[in-house]
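Submitted below is the structure of interest, expressed as structure tokens.
Labels A, B, C, D, E and F are assigned to the chains in the order they are written; within every chain, residues are numbered from 1.
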């Protein structure tokens, strides 16, 4: 159970309602995630985080599916169950294929291992790569 | 300074040398990263990790640049300086543009925030998303 | 379900019972958290951790509410659901207002982002700050 | 060495320069941290992160020193060397006393331990605390 | 609910079935963990991870119980509930005594604290230890 | 550079000096780690952490080398460079062989991968293991 209540449309302040409306318009979908309903307890923060999310996840130099995969990669490393569940659903909605998901998880598995080997052995970055910085 | 020595080609065992040769062939590049030179102290482990990396990072359903970005996302979340430095260099070598890198870092920034908000407020996954599992 | 049983007062050893009694006296509250009931399976460890907690969380140069917020900040970053739930309840018991909680979560959100940007870009500490060490 | 160059005032775009100016005005200090000079490579992101930092770290229901301590707590848990160094300097500038710093580090030490014990024993939140949510 | 289905023996591909058979033979136990049933959705990855696990966890220079404790230590630090639960059960099956488990958890508690103190104070490695590298 | 000075024997308070003396006696070695010299700025905390370390790392139901390996496993997962360097040196001093170190790092690599797969796929603990709790 979340530490603040999930606000229904009726319980949300006008400022929070305006954000809900923009979420609906942007996603062309009436459903509002519980994440936003909890954040609605602090309307200015809700507005800031939503504006950031709306801008960052929009198509650009990287396509929306690639952005979702980067997002999920961070969420797995941070062990955020909420974020893994909701953004894997989003990635599927944006066309993630079974083969892509398999490869994605293999990259996660590889990086998780090599990160710890580099840290465990305290390997310093090769001069060659620093020189490229 | 790494906890095990970086083995030169001369110091590496024949098994480790064979892996070095395959790294050179696969990458079409004579340079061997210090990561592999340190792992060469345990040749069977070197062979296993390299075989995994070679297979996982190859082109497939996801393109090589996307794989690098997923890899770097994990490495930033795990704070692996070695991995961030070397794979950002790889991503650039695979064509990462300035605009793509900007967007990548914005997704990292967003997910880092929203992960902690979802955890901090202890928000449970919406029934709707669990039902899709 | 926890990996060791939560010991009732009857099941706890005399040494563990003595700690339970001190927890009740210190907090002026009869309720013993499950955390302590599980730790009671290793009475010397229970005694050590409780002595540390009792001393560290007491009023001092920092007020008790500030200490709770620092504690919760660590717990969110470590993703400890038990600790987030119980210490947010404690913070509320120590007078955490809605406005304070909102600001607290905004600092968590900010630091979570800026930490990852500094790590992601591998930014080194300015000479100016090192010189102050 | 950071992965993007630290931009001097001369190298920064007009949009980035405007942010530098606001940082100087807000802090009443001519010095610009390398963090902002690296972020200046992506001016819109610089503007967004600075606007967030300026708003979040301002005095409010929590005093600025308390906010710095919460920020440092997150940074220690995330192992962000840059953030620990610069914000400990900020906290000192905002009056952090030796006694406060000692107590702060003791809370960090305590929470780091109890977080791992709760996770290691897989202790579930007491019904009593969930009921308060 | 896991993001991919747990495959029954009937649902698993022949390649995945072959891995299930090897798990049963190796462990001399008919039960297959849900971890492997979920990984079975990507049979080559299942085969790779199982081959690695089978080889790594086998008796060698370190005894199997010590390996389980190292594994659980990583899992607690990574907050992997699944891994903590299943490998604590394995460790018990390999003879973990109550006294050993108590001591194990005390080492976890100690290292969790001292790690954060070393990071929080930004203590650099003594020259003496680097010289031994 | 650490955020508090490393105190020489001359700079340390009598209480801190007493701890330094006990460290020397216990280890039968005149050298005092920088970790303790920095903690000496807060003598009661120094005394508490040292008492805990002395007790926890002593031989018991687990042998000292096994305890070092558990300690290093946590330190790698937490990315504590100081702790990895100093305790790997300690483990070598306690007889860690090359074969043991290789196997240790392979367990770290395995657990780092399987932890992330279990989290990434959101695999729940099998009923069978929960029933053993």
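Criterion: a contact is a pair of C-beta atoms (placed from the backbone, for glycine too) under 8 Å apart; a residue touches a chain by one contact, two chains touch by 3 or more.
The structure displayed is predicted, hence computed values, not measured ones.
Between the contact lists of chain C and chain F, the overlap consists of A, B, D, E. Counting every residue number used by either copy at the chain C-chain D contact, over half are found in both chains. Among the other chains, A has the CA centre that is most remote from the centre of chain F. Of all chains, the one whose mean C-alpha position sits at the greatest distance from that of chain B is C. In terms of their C-alpha centroids, the spacing between chain B and chain D amounts to 27 Å.
Distance from the chain A centre to the chain B centre is 20 Å, each centre being the mean of its Cα atoms. Centre to centre, using the average C-alpha position, chain A and chain F are separated by 34 Å.
Multi-chain contact residues of chain D (touching two or more other chains) are listed as 1-3, 49, 52, 74, 76-81, 84-85, 102, 105-106, 108-110, 112-113, 115-117, 119-122, 130, 133.
Taken as a contact graph, with one node per protein chain and an edge wherever two chains touch, the assembly is complete, since every chain touches every other chain.
Of all the residues in chain E, the ones that touch chain B in their complex are 1-3, 48, 52, 130, 133.
Note for the complex: chain F touches chain B at residues 79, 84-85, 88, 98, 102, 105-106, 109, 116, 122.
Of all residues in chain E, only 3, 41-42, 45, 49, 74, 78-80, 133 touch chain A in the complex they form. Against chain A, in their complex, chain B makes its touches with residues 1-4, 31, 33-35, 38-39, 49, 52-53, 55-57, 60-62, 66-67, 69-71, 73-78, 80-83, 85-86, 89, 92, 97, 99-100, 102-104, 106-126, 128-130, 132-133.
The part of chain B that touches chain C in the complex is made up of residues 72, 76-77, 79, 81, 84-85, 105, 108-110, 112-113, 115-117, 119-122.
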